[in-house]
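Shared between the two complexes below is chain A, which pairs with chain B and chain C, respectively.
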Partner chain A sequence: MTQQQIIETVNRALSEEFELEPADMSPEAHLYNDLGLDSLDAVDMVIVLENAFGCKLRDEKAIQNIRTMGDLYAFIEEKKKELE
Partner chain B sequence: MTDPVRPSGTGPSRTVLRSSRSRLSIQALIMNLTVYPLLILQTLFFILLAPLVLPLAKFLAGRDVGRTVRYFIWVYGRIWMVIMSPFVRFETDGLSADRFPVPCIIVVNHLSFFDIFCMGALPFSNGAFTVRKWPFRMFWYAPFMRLAGYVDMESFGVDRAMRRCSALLSQGVSLMFFPEGHRSRDGELGRFYSGAFKLAVQTDTPLVPVCISGTDQLLPPGRFFMAPATVRMQALGSIEPSGFSGESDHVALRKQVKERIDQALADMRRCSQESNK
Partner chain C sequence: MSLNRVVVTGMGAVSPYGMGADILYSSLKKGASAIRQVPDLETVKGLRCHIAGVVPDLDEKQIPRKFRRSMSRMSVYSTLAAMEALEMADVREEQRRSEQTGVIIGTTVSSPQTLQDFFSDYLQDFSVERVKSSLFFKIMGHSCAANVAQSLGITGRILAPSAACATGVQAIGLAFEAIALGRQDIVLCGGAEELHPLTVAIFDIINAASTQFNTVPDSSPRPFDERRDGIVCSEGCGILVLESLDSALSRGASILAEIVGFASNTDTSNISTPDSARIEQCMRMALASAGVGSDEVDYVNAHATATTLGDSAECRAIEHIFGADIPVSSFKGHFGHSLAASGSLEMIGMLNMLQEEVCLPTLNLYIPSEDCAMVRHVQTVESCAVKTALKNNFALGGVNTSLVVRKYV
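Let's turn to the complex of A and B:
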């Protein structure tokens, strides 16, 4: 899976789940301050990403440090590399 | 060369339009000059009455303080509607007791500061709002909100807020949520947050969607000057969360409720346009 495919999959999953505008989902966008997600959304986000990428993410410690969309893309990319 | 754009109304029709606008602004001026002082008087009356009535209700009648304050707030909302009634037409649909199981979780779209006051139109008084931090900064309302058990979702944090909400529901107190989290700035329905829906699924509490329109004409966000308006409120049928029990089923519930509110608001807007013709 290429980096671009990861970005597209994440953006599609989150825009469907949280009604976010794709244009707002830049790598610099802060999940809470810019995109308006809350802590309940963070739990749902993990579930929706697990479904989108077919791997378990909720036990990963690194997920707690994710603040921006860029952090999220990098986290998924790393996880996919681990699994390949 | 194209013709310059002409104003849509000319001659007598423009005069009629101007005259109806000035009549409206005079009416709005009278509204603001009478309603705000009456609201201040109403609030002062309740603030002065509370220290007398609440101890009497608790020690003489053995009534729960939270329950009494929630009743007071509901009466306050009903009196507010009476004060507003010369300038605001209230139209309700389905706001009957049989539409609201006890307890239930009510989700309302949010257009104006006055949406909370409109809850005086509900057919029961034992309800508490879940709100953000800022309403608690209104020192004249904050003590009543605290006594009534209103839940400050922002300061409490998710876990504590959900525990508090569950406790209120178990006491038979219905909860009211604005799932958009803030007032709409353009009249359109915003994104829904998950709190109310997750709570409904976790506690197996029926959810009642309520639609409100016209309060953004009455007092739009960021404005102080009120304007005459028609406020419409409609309760949609309650939804049992028992069919939504999976890990992400509150999301499906949230989407279904949003779709129903969106559809009902579109119908309300269409009716409003037709009645204005």
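Let's turn to the complex of A and C:
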């Protein structure tokens, strides 16, 4: 899976779940401050990403440090590399 | 101790006719049936009733996602109805956010569709790994009340009575008592229901659902009629804004009617079969609570779901108190039995009748059954200046409720 495919898959999953505008989902966008997500959304974000990428993410420690969309792309990219 | 007078200053409805109290009343007045064939019901093995009143598609996105994510269908209905009711009542932001404004909305059960969705997934592998954060907020017993309070910023008390088909009137009654006692100034109150095959099945299993009119859905239910054969279920939510008279006058609100009495009692003779004497006692208690004599009541809006035993028991009780000449009608023939929502949706119809000085008839009542013939059934739109009216709703489990309403002049 290429980096671009990861970005597109993440964006599609999150825009559908949280009704986000694709234009707002830049790598710098802060999940809470810019995109308006909260702690309940963070729980659901993990579930929709697990479903989108077919892997378990919930217990990953690194997930706690994700703040921006860019952090999220990098986290998924790292996880996919681990699994390949 | 002096009690506050309690008035109605707003109404909102989501019904099988669509969104809005206006469309609900105009449809009642036209004598339009909201009952349709529901293909999903035909596919349920063993289910003999295939008709219902279903709320048409609504624009749920009027509710911001942050609030909508924790809502099942019944909470969406409640929120849209509450938004309409608040707008009509013109309650200002600072009043909504006062501890003196509350929400009392109940349901029969928590969202059956959400529970079905959860268990369909869970039973595959007994895993909760796919469960989203909003599940609990959709199935908690006070889901509708809490979601309305959260989305509309109402910070007074939340209550969520659950008494099946008597829920709506219980909610209004509890709001009436809280305001009369001065515990709240304004309360959004009512009941909500979402249709699910289980709801219909509950009545079919106990032989109380209509099964003979599946090909002519607008011919059933038939309250009081000699060909009545049972309940037709429906869904929706009716919300009233109840308010102390002082509060309404101080802010110049339009007053739609006054609630003057409420009673609820229990029938322990049988958990499902109504006892006429207990219904009669409930109505007598409501009149006593209102300080109103039976000769002062001009109209009764009956519970009358079109069951054989229920309609007859209610008619006998009405005749015992009010005699044979009092006008009686039921709205179940129009949009079916919306269970927890029925009391508040039907109240909206009745309050409009009071304002327009008409009595609307019972739809699908052509020939009153002999065991219901002891009262005067309204069978056409009648011009009548109703000053005081009584509203009944009863529920499986032995719950009886009655409200007494007076035109505000």
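The rule we apply is simple: the second predicted complex is superposed on the first by the 84 of 84 C-alpha atoms of A that agree within 3 Å, B and C clash if a C-alpha of one lies under 4 Å from a C-alpha of the other, contacts with A are read in each partner's own complex, and residues count from 1 in each chain.
Simple rule for what comes next: contacts are C-beta pairs under 8 Å (C-beta built on N, C-alpha and C of every residue); 3 or more make two chains touch, one makes a residue touch a chain.
These numbers come from a predicted model, not from an experiment.
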Practice problem: Based on the superposed arrangement, let me know which partner A:36 touches: chain B (first), chain C (second), both, or neither? | Solution: both
Exercise. Would you please give the residues of chain A that touch chain B in one complex and also touch chain C in the other complex?
Key: 18-19, 36, 38, 40-41, 44, 47
Quiz item: Hey, which residues of chain C end up touching chain A in the complex?
Solution: 65-66, 69, 129-134
Self-check item: Residue ranges of chain B touching chain A (in the complex, touch as defined)
Solution: 157-158, 181, 191-195, 198, 247-248, 251
Self-check item: Footprint of chain C on chain A - complex, ascending
Solution: 18-19, 36, 38, 40-41, 43-44, 47, 50-51, 56, 58
Quiz item: Which residues of chain A touch chain B in their complex?
Solution: 17-20, 36, 38-41, 44, 47-48
